[in-house]
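Below, each structure is written out as C-alpha cells.
In what comes next, chain A is part of two complexes: it sits with chain B in the first one and with chain C in the second one.
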Partner chain A sequence: MQREKILEVKNLKTFFNTKDGVIKAVNGVNFDLEKGEILGIVGESGAGKSVTGFSLLRLIDPPGEILEGSIKFKGQDLMKINKRNMNKIRGKKISMIFQDPMASLNPVLTIGQQLIEVLQFHLNYSRKKARNRAVELLNMVGISSPEKRMKHYPNQLSGGMRQRVVVAIALASDPEVIIADEPTTALDVTIQAQIIGLMKNLIKDRQTSLIFITHDLALVSEIADRILVMYAGDIIEYGSKESIISNPAHPYTQGLINSIPVLDKDQKRLKQIKGLMPSPLDLPEGCKFRSRCSKKTDYCKNNDNKLKKINNNHYSTCSEAYQLQKELIAGVG
Partner chain B sequence: MLIYTGKRIWQTLIVLFAVSIIVFIMININGDPVQTLLPPDAEPWAVEELRETLGLNKPLYVQYFNFIKNAIKGDMGISYYQQVPALRLVLERLPKTMELAVAAILISIIIAIPAGMYAAIKPESILSKLIMFSSLAGISLPTFLSGILLILIFAVNFSLLPSSGRGEIAQFLGIHSSLFTLDGLKHIIMPAATLGLYMVAMLIRLVRAGMQEVLKQDYILFTRAKGMPAKIVYIRHALKNTMIPVITVIGLQLGRLIAFSMITEKIFAWPGMGKLILDSINRLDRPVIMSYILIIAVLFAAINLVVDLLYYYFDPRIELG
Partner chain C sequence: MKLLEVNNLKKHFSVNDSFLANLLNKNSQVHAVNGVSFSINKGETLSLVGESGCGKSTIGRTILGLYEPTEGEISYCGKKISQMSKKEKFGLKEKMQMIFQDPFSSLNPRQKVKDIIKEPIRSHDIVSREEEKDYILNLLDKVGVDGSYLNRYPHQFSGGQRQRIGIARSLSMEPDFIVADEPISALDVSIQAQILNLLMDLQDEFDLTFLFIAHDLSVVKHISDRVAIMYLGKIFEIGDKKDIFAEPIHPYTKALFNSIPELTTTTKEKFSVLSGDVPDPIQLPQGCYFHSRCKYAEEICLKEKPELKEVNGRKVACHQL
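Presenting the complex of A and B:
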C-alpha cells in the first residue's frame, strides 16, 4: 500500500559555526514521512535528532544555519518560501511539541491566551469562537474543568497538565504533521504513558503524521511505524519498526537494543556501548561509529555513509551488514 | 490587595518617623539658623529673642517632640525666611517638579523600550551598535554638561526652543500643567530630555539585557514554532517578561528624578522644588527642609507601592505579601 508522502527531506545539512570550528549537527540526511505515519527518530544526545526537527520548521538561529537540502511539504519546498508564508506553515500545517513542558509555556500569559492566539492567527477565528474552541481542545486533551483552566497561568498546572496543554496547542489548527521532540522525557513514567496514549489516539483520528524524536528506543518501538536511527549527524539505519527491532543491521542499533534492560533475564549489569560519540568538531572519515564498534573491518575507514538497502523496508550505512546481506543473497542465489 | 496596601502604609509611617529623626539631628549639627537669619553684628539680646520665638532655646529632644506634635496635625512649621507655612511652600512647587520628572520618564520610556528591544533582537546590525554606543555616552555624560549642550544647540545656535522658564500653562482634568500647551511643551522638552538622558541610556541597556535573556527561553522558541508573527513573539511574549526589572528601575528613577532634579532645574530656571531646597539648605530653613524631605520620602514609598502592584500585573507568579 503506497500512502501519500507528506514530507520529503533531501540532503538536509544544518551546521553550526562556532569559535572552535564548524559543528556538522545534521550532515545530509534523507527521509520521508507518509500521511498518518509515526516516524521515530532515535539516537543519543548530540546525534542531531532535535536539530533535524527544528530544521524542518526552519527554526535554526545563528550561529546555526541550514546549509543545503530541500524539505518538501506536500510538494512545496519549505526552504524556498518566505518568512511570512513559513509562519503560515509553522503551527498550522506542521506543529511542534517540546521536551520540557515547564519551559515551553510562557509564564506570564494564561493557558487560554496562549491557545487562543493560535486559533486567531491561523484560522482567523473571532475571539468568542476561538475561546469556545480552546475550551473544546482542553477538554479533548483530558483537562478537567477546562473553562476554569483557561484563566490559569502555567505555574498553576502540573507538568503532565502542561504537556497536555502543549499538545492541545499543537493540535489547535489541525496540523498535518506534528514534530514531538522528546515530549515525555521531562515527565514521570505514568504521566509519560498517558501523554503517549493521548497523542496516539488524537493523531489516529485525524490521520496526522507524527515525527517522534526520542533517545528511548523501547518507547519508540511501542508507537512508531518506522524508525530512523541517527548517529553523529547521519542517519545510520532506517526502516520499518519490525525489521529494525527484530533484525538490527547496524552495530550501533544492535548496541542500543542490547542496552535495554529485560525484566525476565537475570542481568548483573546492563550492556552498554563503550566509548563516546566522536566530537562533532572532529568527525572521523568513513564510518563514525568505527572507534566504538566491535565488528569493525578495514572497509569501515572508507565507508561512504550512504544508506544501503538491506531489504525493501530496511536500510543501513553499515558496510559489514551490507556485505553480509550480499553474501546471503549470493548464497541463496 | 487592600490588606497589603494597608500594611505598606504602616511601614511607610515607620520609615517617615525614622527619616524625620535623622534629618532633624543632621540639620542641627549643620549650624544655627539664627546666625544666618540675623546680621553678623546683631545684638546678643536680639539673637536670644529670635531663638526663643523659633523655639530653638529648648533642648533638642523637646524641639523634636514639639515638631512631631505639630507634624501629626499637618503643621510642619513656618518658613524662617518667607514667613509662610513650609509645607505649603513645598507643595506649591511639587507639581512643577513632578511634571518635569514625568515628562522625563515618558521620554525615556518612549525611546528606550523600542531601542532596547531592537538592540536585543538584532544585535549584529549597525543600528544596534549605534544604539549601544550612544547609551554608553548617555550614561557617562553628566547632567550639567548635557543640559548646557542642549541649550547651546537648540536655544543659542538654532533658536528653536526656549532655554528657561515653564511657559504657558493650561488646565486639563483639573491639573494645571505646561504639558497641555504647545508653548509649555516647547519649554519642557529640553529640561525633560536633560533630566531623562541618563535614564534613557540605562533603560536601553536594561531592556536589551532582559530581552536577550528572555529570547533564549524555550517558550519564545515554542511561540515561534506556533507560527506567531514577530510582533506577537516580541511584544506580547517577550516584552512582558522583560518588564519586571524595567518597572523597578523606572519606579526608583522616578523618585530619584523628583528628588534630585535640582541641577536641571537650576540650568533651565525651572520653578520646581529643586531650587527651593537648595536655597533652604543654604539658609538652614529647617521647616522647609523637613517638609521637603518628608514629602520626598512619602513619594518614594508611594512609587514603590505602585511598582509592587505593577509586578503583580506583569508576573502573576509574584504573590503580594
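Presenting the complex of A and C:
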C-alpha cells in the first residue's frame, strides 16, 4: 500500500553566487517523503545535504538562491506561498534540529521560557497550559527533575541534555515533518544512542516523518526506511535501505560501504576511494564521480546524472549499474 | 620489549579562576587522569578509547611532556623521564611525536609546506642543508603528497592532504613513538580509510610504536594490537584487541560497544543502553566512577573503587566479576 506523501521535491536547485564563481550546491534533486517514514540523507561534507535541508524550509540567504524547483508539502507548493505563511509552517508543521544545539537555543532565556514561547506562538496556548505542557515535554525527552530544569539556562546543561531540549522544542508544536541535520554528530556514542532511541520512539508514536541528515552511513542504516546518497550536489542513489545497503548500485556508495571498517570482520587494509569530491565551483560534465571511479567507461562522461530505475525501490545515476541491470534483465527474459 | 611504561599517572588541572570555581566558591580541580597504568611494546599499537573528556588527550600530552604529571611516573626505554637530563629530554623530543586531530590548527597557516617540515629538521639537526630538500621530498612522497606542492600553504589543501602533511612533519625527526590523537576524526569516511592505510603502512616501514587515541571503535579495532577503555580518567578494561572485541566484559565497555552504529539492513529497535551522563570530573564520585549509570551496581560499588584485575586474559576493574 502506498503511504501518503508528505513532501514531494522536484528539480530543486540551490546555487551560491560567490566572488570565486557559482557554487552549485544542489543540482536539481528529486525525492519524496512519506508519512511516518525516516528518510536518511548521507554523503560526505560539502555534498549538499545541509543546503538541501535548508532549502526545504526556504532558509537560504544571499548569496544563495533557490533557482528552480517545487517543494510540495501535502500538495501545497512551498515555493509559491508568501513569507508570512511560510513562517507559520516553519517550526510548526516542519521543524528542524541542528548539529549544534546552541544554534537553536537562546543562551539568555531559560529552557522553560523557550519551550513556553514556542507553545504560545505556534499553538496559542495560555501561559499556564504552555507551562504544564513544557514540563511534560521535558519529561518525555528524558530530562530528570523537569520542574527544576525549566529554570536553567542552556549553559547549565550538558551537550546531550541540550540536544534533548532541542528535540523537545522541535516536537512541541507536534510537527508533521522534522528535518534533523547531523543532530548527534557532536555527541558521544552512548549519548547519541540515547537521543536516536528517543527521537525514534517519539516520532513513531505520532507518525511524524523524519529527514535524517548525516555523514554516518552506519548510523543511518540503523534507523532509516529509505536512504538517499548525495554526491557533489546530486542524489546519486536513492531507495529502500535494505536494497541500498545489501546491493549498492553506485560505485561511490559501494566505495563508502567498503571503506568503513567492519567490527566483526578482520581486514588488513581498508578499501579506499582514491581522490576527492570535485569542487562545486568546477563540476565536471557527465558523471561527477568519474575521476575517482574504477568502473568508468566511455559512456560515463555523457551521463545525464538522472536517477535510473534499478527496481521499484531502488534508483541510481550510474550508467554502468543501469546498463548491467538491463543486460541482466534481458538475459533473464 | 617495553618501549613506554606509564605508572599510576594522575593529572589534575586547577580551575581556581574559572567561572565554575567562583560559582562553587572553592579551589576546584578537574580530575582529568586518575591513576592510569599501562605499557606499550615496541612496534605495537595501543588504543585509548572512551568518550570525550575521559582524559585520553591529557594522557597523550603528559607522555609527550606537554604537561607535568600531578603524580606517577612515565618511563621510556626503561628509564624514568623525570630522572633524565636536559640533553636526554631534548633527544626524547625527536623520538616521541604527535599527530593531531585537526591538521589545520596544528599547521602554521603562514608557513609553506616546505618550511613546516624544515623547521623541526633544522632545530634538531636531522640532516645537512644539502640533503634537506631531498629529505623533505622523500617524506612527502612517503605520505602521498605531490612534491610539486612544496611552496603551497596549508589552506590550499584538503583536510586529508593536510593530515598527510602533519604526518610528514611528525616523521621528519625519525621518531620511534607516535601519539596519534584522533588523527582521522575530522575527516570524511572515504578519506579516513586513506589515512588509516597510510598510518599502518608507515608503521610497518619504520617500525613505529603508536598510542592511538580514538572514540570510533571500528577504527580502533582495525588499527590496534591492544585496547584500553577509559572512563573519567580511569582504565576500566585493558587487553588484547581480539579478546576485548570478541567479548567485552566491563559493564561500561559492553554499553559502549552496544552504542556503536553498525552497517545493517535491518532497522535497530532498541537504542539507549545507558541512561544519564558522565559525572563531573571536578567532583569525582565515591566508589566505582561508573556506578551512577551501571545496572549491576550494588552496595560495594558505591563505596569502594574497583582495581584492575585479571579476567579472561585481560584486566578489568569491576566489583561484580
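Simple rule for what comes next: the second predicted complex is superposed on the first by the 329 of 333 C-alpha atoms of A that agree within 3 Å, B and C clash if a C-alpha of one lies under 4 Å from a C-alpha of the other, contacts with A are read in each partner's own complex, and residues count from 1 in each chain.
The rule is simple: a contact is a pair of C-beta atoms (placed from the backbone, for glycine too) under 8 Å apart; a residue touches a chain by one contact, two chains touch by 3 or more.
Fair warning: this is a prediction, and the values are worked out from it, not measured in the lab.
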| item | value |
| --- | --- |
| Superposition on chain A - do chain B and chain C clash or fit | fit |
| First, second, both or neither for A:Gln194, with chain B first and chain C second | second |
| Contact breadth on chain A, by residue count: chain C or chain B | C |
| Contacts of A:Lys92 with chain B and chain C, given as first, second, both or neither | first |
| Touched partner set for A:Asp216, first chain B, second chain C, both or neither | second |
| Which superposed partner A:Val9 touches (first chain B, second chain C, both, neither) | neither |
| Chain B versus chain C as contact partner of A:Lys241, first or second or both or neither | second |
| First (chain B), second (chain C), both or neither touched by A:Leu33 | neither |
| Partner chain in contact with A:Pro107 - chain B first, chain C second, else both or neither | first |
| Shortest span in Å between Cα atoms of chain B and of chain C, once chain A is used as the common reference | 6 |
| Chain B residues within the chain A interface of the complex | 217-219, 221-229, 232, 236-237, 240-241, 314-317 |
| Partner chain A, residues of chain C touching it in the complex | 51-52, 158, 160, 188-194, 196-197, 200, 215, 217-219, 221-222, 245, 255-256, 258-268, 270-275, 277 |
| Chain A to chain B touching residues, read off their complex | 57, 59, 84, 86-92, 95-96, 98, 100, 103-109, 117-118, 121-122, 153, 155, 166, 169 |
| Chain A to chain C touching residues, read off their complex | 44-45, 142, 158, 160-161, 188-194, 196-198, 200, 215-219, 221-225, 241-242, 245-246, 255-257, 259-263, 267-274, 276 |
